[in-house]
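So, here come the structures, one by one.
Same chain, two partners: subunit A is paired with subunit B first, then with subunit C.
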Partner chain A sequence: MSVDLATRLIDVLGGLLLFSTLLILAAGQLFRAIYAVAVQSVFLAIAGAVLGAATGNPDLWIIAGITIVVKAILLPWLLIWVVRRIQIPREIEPVIPINATLGLAAGIVVLAFRLSASLGPVRQAITGNALPVGIALILLGVLVMASRRKALVQMVGLFASDNGIFFTGMAVSQGMPLIIEIGVILDVVLGALVMGILVLRVRSSVDTDIADLEDLRG
Partner chain B sequence: MASSLLWLTPLLSFAIGLAMLLVRDRRVLATLDVAGSLVLLGLTLAITGRVEQGGPVSALGIFRADHVTVLFLVLIGLLAVAVSLVTVGWMRRELARGQMRAERLRYYYALVHGFLATMLVTVLADNLGILWIAMEGTTITSALLVGFHGDKHGLEAAWKYIIVTTIGISFGLFGTVLVYGAAAHAQGGVLAGAMNWSSIVAIAPRLDPGIIRIGFIFVMVGYGTKAGLAPVHMWLPDAHSQAPTPVSALLSGALIKCALFGIIRFHTIARAACGPAFSQGLLLTFGLVSVVVATPFILAQYDLKRLLGYSSVEHVGIIALGLGFGGRLGTYAALLHVINHGVTKALVFLVAGDAIGRYGTRDMRVIRGLLGIAPVAGTLLLMGVFSLAGTPPFSIFISELMIIRAGIAAGRYVILAVFLFAVVTIFAGFIHRVGQMVFGTADASVGREPEARLPVLGLLLLVAAMVLLGVYVPAGLDRVLAHATEIIVG
Partner chain C sequence: MDNTAAIGKIVAQAGLLVLLGPLVTGFIQKLKARLQCRQGASLWQPYRDLAKLLRKGTVQSDSASPFFRAIPVLVLAATVTTTVMLPVLWAPAGAARLPMGDAILLLALLALARFLCAIGALDAGGAFGGMGASREMTVGLLVEPAMMMAVFSVAVAGGTTDLVHLAARRGMLPALAWQAPDLLALFAMLVLALAETGRIPVDNPDTHLELTMLHEGMLLEHSGPGLACIVLATHTKQIVILTLVAALFFPLGLAEGSEPLEIALAGGALFAKLFALATFLGLVESSYAKLRFFRVPQFLGLGLVCAFLALALRIL
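Moving on, here comes the complex of A and B:
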């Protein structure tokens, strides 16, 4: 695959990744947010495969495969399993109105692109627009977590942020060393398991959403 | 031989943790805990001796110990030993009060050693990716410990802790990716060890300053969250106050220092790549905000452990200020403060835990006359708090004084004025509160069991270090600090 084609494909995929985070932000229902992050992970895996073909680095293919298995299947499945198990109301109550959140999101995307446009020749080290897209995805993930008061949606925001880091990480030179990527994914899975355990324990003892607890103040 | 110690040390800690899962006997677990921690301290001292003699040691291409590493390494080892000794007495009381169930003990001990292992890897890592992975590992293991009791408050604190620090340090990973990208670009391709701190710092002057700046901002926010720097410290008072006391001592004494270690590594790269002004300015901002934000919360606090949590925010801020003032003096003082605060805060948390166990409350208005019922704990609490508040002749006074001198040398008078005002205010608030707790007479209902030998031994270990470092800095430590300063400031 030519470098030129790869760059164009990466930019298209970057756009799709951003669009899926916007879907999470706009989602009024828990399952939609979970499906959106699963679809986003599929785009991320495709990006890994494209970069693998362009650079000839087999590690990127492996990472693409792991991304499909872990981020597109395992983690969404874990979230859905927890939702089914605790039977919480599936509507998402935003802290900030959804329209305002989307306005903020647009601001974040513009900011990320302007920030990375200010960089010099080092931009060549990162394929296409992967840097601004990565920055925007991370910040949008934080926006999801800050604007929603529901443990599972906060986890979805976290996964969306992680996808942004992986996207930029893959596009840097020839991607990060395989062992590091695997270690990071392992951390993500273990972290998600511990979060799931905490959500379930709170649900079984006090019957509320863990993100709604706010006794500790001052 | 010496280089294999670098991976053997965390591996051993991890193996002890795994072995503990197979043990059900309480005494065997406690013995394993103390013995394992002692071996750990011995290994960290062995690594230190090797680094002192022959300079930095590397292993497997991903681990490295230099003079900065060994400072943090010995701190972790020392606190592990002291905490394991105090745990013996603490656990007996928790079991008696029914706070801890005997059949879950092994999970607790195993998690503590897993937590220690991940902390060791963070400071031993040369590869910045491994550093990050271990840092997230500390979050995962310690979040389970924070929520270990399973009560509502503990779970709330554990949730806030894991969700805030996980998203926080994902910023750190992004910063790492950017720095790695800049290094790969400067080398014209990915070479072996391209993610290693030692190889990045060697080519740091050639790195693109623009991307390093963005990268350092991400790292500062990311690892700053984990270090408890304001304004991203919200989780810290909750987690450090709700965790079981020995874990609080490790969180405040050692873990937030590991996050600072990550910041120091990137600070060294950023200094060389874009000049000292940028990263020092950022450190000063975070440091000053932390000290200022912590002050009112310390004054208005009635919960003893929360008070200590906010005090950790203040002291992490002071360390950041020292690094931000920069120069040899500021950097040296910041590193010394890492040790001083680590030792003192662990001591005070452990003594406070004993007091809370006796009185059955954390409310400082209820705790009265500790000196009368537990003379050793009462005296140590008083000494520790005086040290935390920055009184001579204790260790924290020395490093704070050096940081102030570094600030004068750097000509940062406005920052110094705000800093001094906050520190004096905190001093007054601290002494007032603790005076009430230590003196007076205790109610009849308070636990008056005599103080056990082993826990007191652990506390004395810490207090000896605290008093010694207040009087003078031993020649060996001074050499390590001077070399470490050299590595950071160049």
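Moving on, here comes the complex of A and C:
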């Protein structure tokens, strides 16, 4: 695959990744947010495959495959299973109104592009605009975690943030060493499992929500 | 090129657009009916409705001012005028074209039609008219700036706000010069098109239930030929929005000269694009519930943010 075509594809995929993150932020229902993050992971995997084809680095193909299996199928499935299991209301409970979150998101994306302009030398020829998009994805994931009350949606934010880290990694280094990528994925899976089990246990033993923990005083 | 021929072409394609408008509505209604396992009305039903309305007499509220009579005609005139600014079949590149107006004028005329419609609804003094007008203007407040930004995002890349030049220039570039901002602008336009054509997540075109209607609420006081004018304006506005999306993002197959083959190709491309976009509208309308009015700003907020980012990414 020619470098020019790869740059263009990565650019378009960056736009799609940004859009799917906005969908997570705009989702009013739990399932929509989960589906949106699954879609985002699919786009990330495609980006990995495109980069793998462009650079001839076989590790990126493996990463793309793992991303599809783990992040696009396994983790969303786990989240949906937990939601079905604990039977909570399906609405997302935002801390600040969703429209305000969207406004903040627009500011964050503009900021990410503005700031990464000063990182000129880091930008690589093949990945073009991927660095600012990756930074924006990380920050938007953090925004989801900060502005939602439910633990499950905060997990969705964590996945979005993690996807951003992957995309940034690809953009800057054209594929980190395989062992590091697998380690990061394992971390996320482990975190998701622990959080899922925690949510289930908290729910079944004391019938409360994560947000109520804030009221605890030592 | 001879000026008369150019004007003839522009008028011909504008007329084609106005004539096709009701057909698009009929197609969407047919698609919805089929998805609900109904036979549905014929594709030509909107034309029959228009013909029926034109034959009827007019009844007018006592409290309406004389201006009320003129409103349907003005709304229709403002909407139909926008059709001459779009590349429908012909998009001659370069200077071989008369300046008919650009995207800014197009959006302004649509806003003018919306304003006139709302004024008419307020003028008649009906309670539903006032409510419909207030809701329509609220939606307009969210849709219009977002649409401006989405159009500007594409216009910045093309270096002109003239839609015909834009489409002609872009149609020649490899892969239509698609970039990330184009994608975001396209998503924004698709979200906004649902609102602007009065389709289901925002408005319900099939109902006259007072609590759910936006656009229909403003039409209640009109009757007979006046109502026919406004309904035709609604059909035209829908096809104008769809053609605008096609012109901005898929300017393929537009004819440059006037050979029959080229024109046939352009006609086929036009039908394909309208078919795809109308199917999108029909599918969305069949698979979503209408949003509560206070949730609409959240839905449109997504379009607004996408449009803003499309413009911001283009400039940064």
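To be clear about the criterion, the second predicted complex is superposed on the first by the 210 of 218 C-alpha atoms of A that agree within 3 Å, B and C clash if a C-alpha of one lies under 4 Å from a C-alpha of the other, contacts with A are read in each partner's own complex, and residues count from 1 in each chain.
Convention: a residue touches a chain if its C-beta (ideal position, glycine included) is under 8 Å from a C-beta of that chain, and two chains touch if they have at least 3 such contacts.
Predicted model only: the values in this text are computed from it and were never measured.
Undergrad: Would you check which partner chain A:V69 touches, where first means subunit B only, second means subunit C only, and both and neither mean what they say?
TA: neither
Undergrad: With the two structures laid over each other on chain A, which partner does A:V3 touch: subunit B (first), subunit C (second), both, or neither?
TA: A:V3 contacts neither subunit B nor subunit C.
Undergrad: Please work out whether A:I165 is in contact with subunit B alone, subunit C alone, both, or neither, and reply first, second, both or neither.
TA: In the superposition, A:I165 contacts subunit B only.
Undergrad: Once the shared chain is lined up, is A:R114 touching subunit B (first), subunit C (second), both, or neither of them?
TA: In the superposition, A:R114 touches subunit C alone.
Undergrad: More subunit A residues touched by subunit B or by subunit C?
TA: Touching more residues of subunit A than the other partner does is B.
Undergrad: Could you look at A:L102 and tell me whether it touches subunit B, subunit C, both or neither (first, second, both, neither)?
TA: It touches subunit C, and subunit B stays clear.
Undergrad: If you stack the two complexes on chain A, which partner ends up touching A:G15: first (subunit B), second (subunit C), both, or neither?
TA: The second partner, subunit C, only.
Undergrad: Do any residues of subunit A touch both subunit B and subunit C, and if so, which are they?
TA: Shared contact residues on subunit A: none.
Undergrad: Taking the complex as given, what residues does subunit B use to touch subunit A?
TA: Those residues of subunit B that touch subunit A are 127, 129-130, 132-133, 136-137, 139-140, 143-144, 147, 150, 152-153, 155-160, 162-163, 166-167, 170-171, 173-174, 177-178, 180-182, 184-185, 189-190, 194-195, 208, 210-211, 214, 237-238, 241-242, 297, 300-301, 306.
Undergrad: Any idea which subunit A residues touch subunit B in the complex?
TA: 115-116, 118-122, 124-126, 131, 134-135, 138, 141-142, 145, 151, 154-155, 157-158, 161-162, 164-165, 168-169, 172-174, 176-177, 179-180, 183-184, 186-187, 190-191, 194-195, 197-199, 201-202, 205-206, 210-211, 213-216, 218
Undergrad: Report the residues of subunit C in contact with subunit A in the complex, numbered from low to high.
TA: It is residues 175, 178-184, 187, 295, 297-299, 301-302, 304-306, 308-309, 312-313, 316 of subunit C that touch subunit A.
Undergrad: Quick check: in the complex, which residue numbers of subunit A touch subunit C?
TA: So the residues of subunit A touching subunit C come out as 8, 11-12, 14-16, 18-19, 22-23, 26, 28, 98-99, 102-103, 105-106, 109-110, 113-114, 117, 129, 133.
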